[in-house]
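Order as written gives the chain letters A, B, C and D; numbering starts at 1 within each chain.
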Amino acid sequence: MVRAGIIGASGYTGVELARILSNHPKVELSVATSRQYAGQKLASIYPSLQNIVDVNCVDKPITELLDLADVFFTAVPHKTAMAIVPSLLEAGKKVIDLSADFRIHDHLIYEEWYQEHTAKKYLSEAIYGLPELHRNQLKKARLVANPGCYPTSVILGITPLLKNKIIDVDSIIIDSKSGTSGAGRSAQVGTLYCEVADGFKAYKIGSHRHTPEIEQELSALADQALKVSFTPHLVPMSRGILSTIYAKATCKIDDDELSSLYHSFYQNEFFVRPCSQGSFPATQYVKGGNYCDIGCKFDSRTGRIIIVSAIDNLVKGAAGQAIQNMNIINGFDENLGLEMVPVFP
Amino acid sequence: MVRAGIIGASGYTGVELARILSNHPKVELSVATSRQYAGQKLASIYPSLQNIVDVNCVDKPITELLDLADVFFTAVPHKTAMAIVPSLLEAGKKVIDLSADFRIHDHLIYEEWYQEHTAKKYLSEAIYGLPELHRNQLKKARLVANPGCYPTSVILGITPLLKNKIIDVDSIIIDSKSGTSGAGRSAQVGTLYCEVADGFKAYKIGSHRHTPEIEQELSALADQALKVSFTPHLVPMSRGILSTIYAKATCKIDDDELSSLYHSFYQNEFFVRPCSQGSFPATQYVKGGNYCDIGCKFDSRTGRIIIVSAIDNLVKGAAGQAIQNMNIINGFDENLGLEMVPVFP
Amino acid sequence: MVRAGIIGASGYTGVELARILSNHPKVELSVATSRQYAGQKLASIYPSLQNIVDVNCVDKPITELLDLADVFFTAVPHKTAMAIVPSLLEAGKKVIDLSADFRIHDHLIYEEWYQEHTAKKYLSEAIYGLPELHRNQLKKARLVANPGCYPTSVILGITPLLKNKIIDVDSIIIDSKSGTSGAGRSAQVGTLYCEVADGFKAYKIGSHRHTPEIEQELSALADQALKVSFTPHLVPMSRGILSTIYAKATCKIDDDELSSLYHSFYQNEFFVRPCSQGSFPATQYVKGGNYCDIGCKFDSRTGRIIIVSAIDNLVKGAAGQAIQNMNIINGFDENLGLEMVPVFP
Amino acid sequence: MVRAGIIGASGYTGVELARILSNHPKVELSVATSRQYAGQKLASIYPSLQNIVDVNCVDKPITELLDLADVFFTAVPHKTAMAIVPSLLEAGKKVIDLSADFRIHDHLIYEEWYQEHTAKKYLSEAIYGLPELHRNQLKKARLVANPGCYPTSVILGITPLLKNKIIDVDSIIIDSKSGTSGAGRSAQVGTLYCEVADGFKAYKIGSHRHTPEIEQELSALADQALKVSFTPHLVPMSRGILSTIYAKATCKIDDDELSSLYHSFYQNEFFVRPCSQGSFPATQYVKGGNYCDIGCKFDSRTGRIIIVSAIDNLVKGAAGQAIQNMNIINGFDENLGLEMVPVFP
């Protein structure tokens, strides 16, 4: 058994890692940290895990944790992650970092959107952990930068268009909608039930930190620098991201061809499910599972292609993808422990 | 007292008309029809109205209703409306039609998106009932085509940009999100609680019937034919529409100027509330009220203007706007009976 | 115009007072306090009130507020209220206190469930503000102890049974369910959207502080000391309380008689709406309104009477009832400003 | 591999069976029927199952299905089930019936609450499928009457009290609350999103058909006939049942003793999780899993014991328990395929 540690186990992403790992045949959760709940059982904070996950939260310096696990998931905020990850790597551990700290290759861009980067020297070896794009590099990685939730839905949605060079790269508009778990479990007025329920709003218009991450990956795919409009919205639901993506087609295409393109592009990808032609995804059909469902449409009236992609932000958008990456870097079957069926209704 | 009749009182729009009219100082609800609930009190179908609205639903031919009211709200599906409205007009009644039947001036366009039009001769006198745009014409109208819910949010959101000719008219993309009441009260699997809750999806991509209505009004504002991309989505909430609108700016503008433009454009409009600069609307702040809240942003990175507008689809998007129009055609103060404060949380 | 002040205007109860008062024909909101948001417009914290409520939050000692209003609503937590109310009364102001501090006549019972009482001398003149029970005393009151939300639903539900002595007073079991707004607007993990949505739970079983308040009023009605089992639950909705009340019948009764009893008992009460026989209330039908809907059933199999009552916890359970009380102590029509129709759906 | 058939696969219970079976190591779904969706893939009706469940819905007479499976789950309404089950049994198949048709031993009681029973001769061999109570009998069963959702939560909650004879059997009051999936997937106004969301109500007070089922099992446990008050309520959530149960204690007991009693009673039951003392269950912690969480409290003020139990109505309350029963009658490990971790948030 590979021993896995979760740094920051008591947030929604941390506990989702624990949920999925509890069914993993080759990995055991050997250590879990939480500053706030140190000394408590993780299952007492999250009674959903009672009798299933038997681990106590600890709050110890990273140096005291090194012997306790072979691979670490760092599920802590950006800035906190870059203070921890170097010690783990230097001790020979493999790291899947779920923060933003190692996602942006260019530290200047990182610093423009976040703050100073204090572990720049590890940026070059970090692999952006979208297996469908970077699987080969991931196999040899010891530091995986696990993608953001919005970028996962967007990049998987748009890759076949960019790879096939059938859209105007300056015309990309991304209108994304996320459930509330994306905001985390810290006590804030803005995510109280009464503030979110029965309502809908946009936020951080034109300024969300996932923008440079999306642009980095899309630019690489397009082989040229591009910029996107990206607007996130908050949906009164717990889990799920749906991204509606608009781009101008640069060639004649019809819905048949578009649908074929997606089906053939993703035919070997277990976790990407192109919808049948004329169908579109819904977040309720991916809830609890590691899937990305994608639908597409060519609007001949306007000459635009519209892509809709859906994921569970905590699974394919965070913990599930992290475990997919862990499987890859450990040489396991990529799907191991990840075949949870989405729960509907 | 003006006597008002509601044709189709037992749907969500019909009952919202009844709710608002119950507090109107110059109008009384004199007749309400419902095929399904004939013979029952409206308040027994909607116990929210118990002791407040005392009217029985009837199911009679339109000819037997003519004497019972001075003004009629037709809150029935398209096609049904065009079969009723001519009789009402010919009997000298004023009509606010909440269906789509008289919104599209050009019957060929109507027939392309709906079905054959059987009351074409009334199209030319129908006034599109968006008071903020067509108030003067409405004052003399006897047939008001009450706008669709999505178009109301979109047109109010984009008008200042088109009037000031600061956007590329071929670049307009509208990503709208609606609560479930927009789908009406008929028993359908797709709008069951379990199908909608905790989920989010797009529907009728590139093919929603509100598209030609939006294009008609925006083309008139732009003084040239234009087409838009319009994608509606279903939000797990009962009431509310939020539209996120993207367009390429054709001139230099900053957020200060943009915000000023909206504030000055709407300074005399009671029911349009531009947000303070840097703030954006949320549907939970307009729930139950007749307001349209609008926020705007210039994204200098991409050169696009992003507009976000929010309404309650059953009020400003249907019943409230219909009563606003009724006030206008009756010469009443436009706000009469409409000063309900949105209910939050 | 009577000038009203709200102490603690930025909580959900405070803002609901502001919402309702904005439509009150004889009262103006002259001052609103908020420690947290001092200096900000109330409408900037709650954009639902934009263009409707034009008041700035202040944070001043109570002595500097005395001249600014004739009547004060104290919408602050218990303990805070008892530190403020005496100054207001001594300055000759009328006070409607929405906290628990003046609801329990016997300070020993108060101190058993809350903490030390530091304003005992005002307990004897405080009138428990349930107009349907204590209207005559309220007319002369200068200090109204506005009832708790759960007690309002329970006492109105059970009063006809106790007054008519048809239940065993030792058999009363109250199973209540509340929306999340009852927990207030402070940032807490327990009321985050993700913790509450799509779930249901009981809390404070056998130990909720509304228990002694319920017992005080029911004991008075029964003319003997009684104890109840009271279990509150948290429902994934914003507004509403539904109480299901069980008691053993002490005489033969049938559903006809039971229904007649409720209809005749409440025939002159505008805000209490007994359901028609065989019908039962639902919180969605009272949302936003000041009504208490009540249904009743005699279960002949078990000899128990089951009562179900529903209110909007922020209106009849807090702000609406407070304004009803204010109307009474000011000699206004009791319904003034309170005829908002519940908003459904 | 055992071949399993689902009769009635397109309802919420049917599809939940398919979801769970897809991960079962010893069972394959070999046939699925649906009148409404015959000819369609189950995964096209429920896209959550895309690429996971590969079965087409058929609509054939039962005689043509007999060869296609070894064990059948009948997930059809009562009355329909009793018309199918005899043919299955006579063909030597094992049957887990998820309807009510074989739950009530006494056909006269069945006929009082439902309608005529046309397969009475199978009643005596049907075993009530609550493994925690009837495991030994189930091992030899060929017809399992899978318990109702409410009864499962209630019986597991109250069994330790009755077995230990510490409550007055005439004092039992059960106040249950269910998510909306319990109402099934048929198109009805009452379960539309807008009718259910943001609201709460009781229904079928004193007359719900799960009452005789609860009374049968509790009477057997108490060794005497007893009657209960049972009130179901509808919660705005998709999954989950929480039952709050009240009974008069007949002896001195404290919370320590009560908690110990539950922990020891259920110490060998994998799927029953007594909460730690002072904690109570919440439906959000069992969502998607086959667990029943139980909390208990002795209220010394009133002498009543209050039990709170929570299950996922579609899993432990239906499909999960059915598969647990299928494991038992096939001699498999009882937990096989059922170790899905509840999904929270």
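Just so it is clear, a residue touches a chain if its C-beta (ideal position, glycine included) is under 8 Å from a C-beta of that chain, and two chains touch if they have at least 3 such contacts.
All values reported here derive from a predicted model rather than from experimental measurement.
Taken together, subunit C and subunit D share the touching chains A, B.
The interface with the greater number of C-beta contacts, when A-D is set against B-D, is A-D. One finds 36 Å separating the Cα centroids of subunit A and subunit D. Centres computed as Cα averages put subunit B at a distance of 45 Å from subunit D.
Residue positions of subunit A touching 2 or more other chains: 12, 181, 194-195, 197-198, 236-239, 281-282, 284-285, 287, 345.
Subunit A makes touch with subunit B in their complex at residues 173, 175, 177, 179, 194-195, 197-203, 205-206, 227-229, 231, 233, 235-240, 242, 244, 246, 280-285, 287, 295, 297, 299, 301-302, 304, 306, 308, 310, 345. If you check the complex, the residues on subunit A that touch subunit C are 12, 180-181, 185-189, 191-198, 236-238. Residues of subunit B touching subunit C in their complex: 12, 15, 19, 22-23, 44, 46-53, 181, 197-198, 238-239, 270, 273, 275-276, 279, 281-282, 284-289, 291, 293, 339-345.
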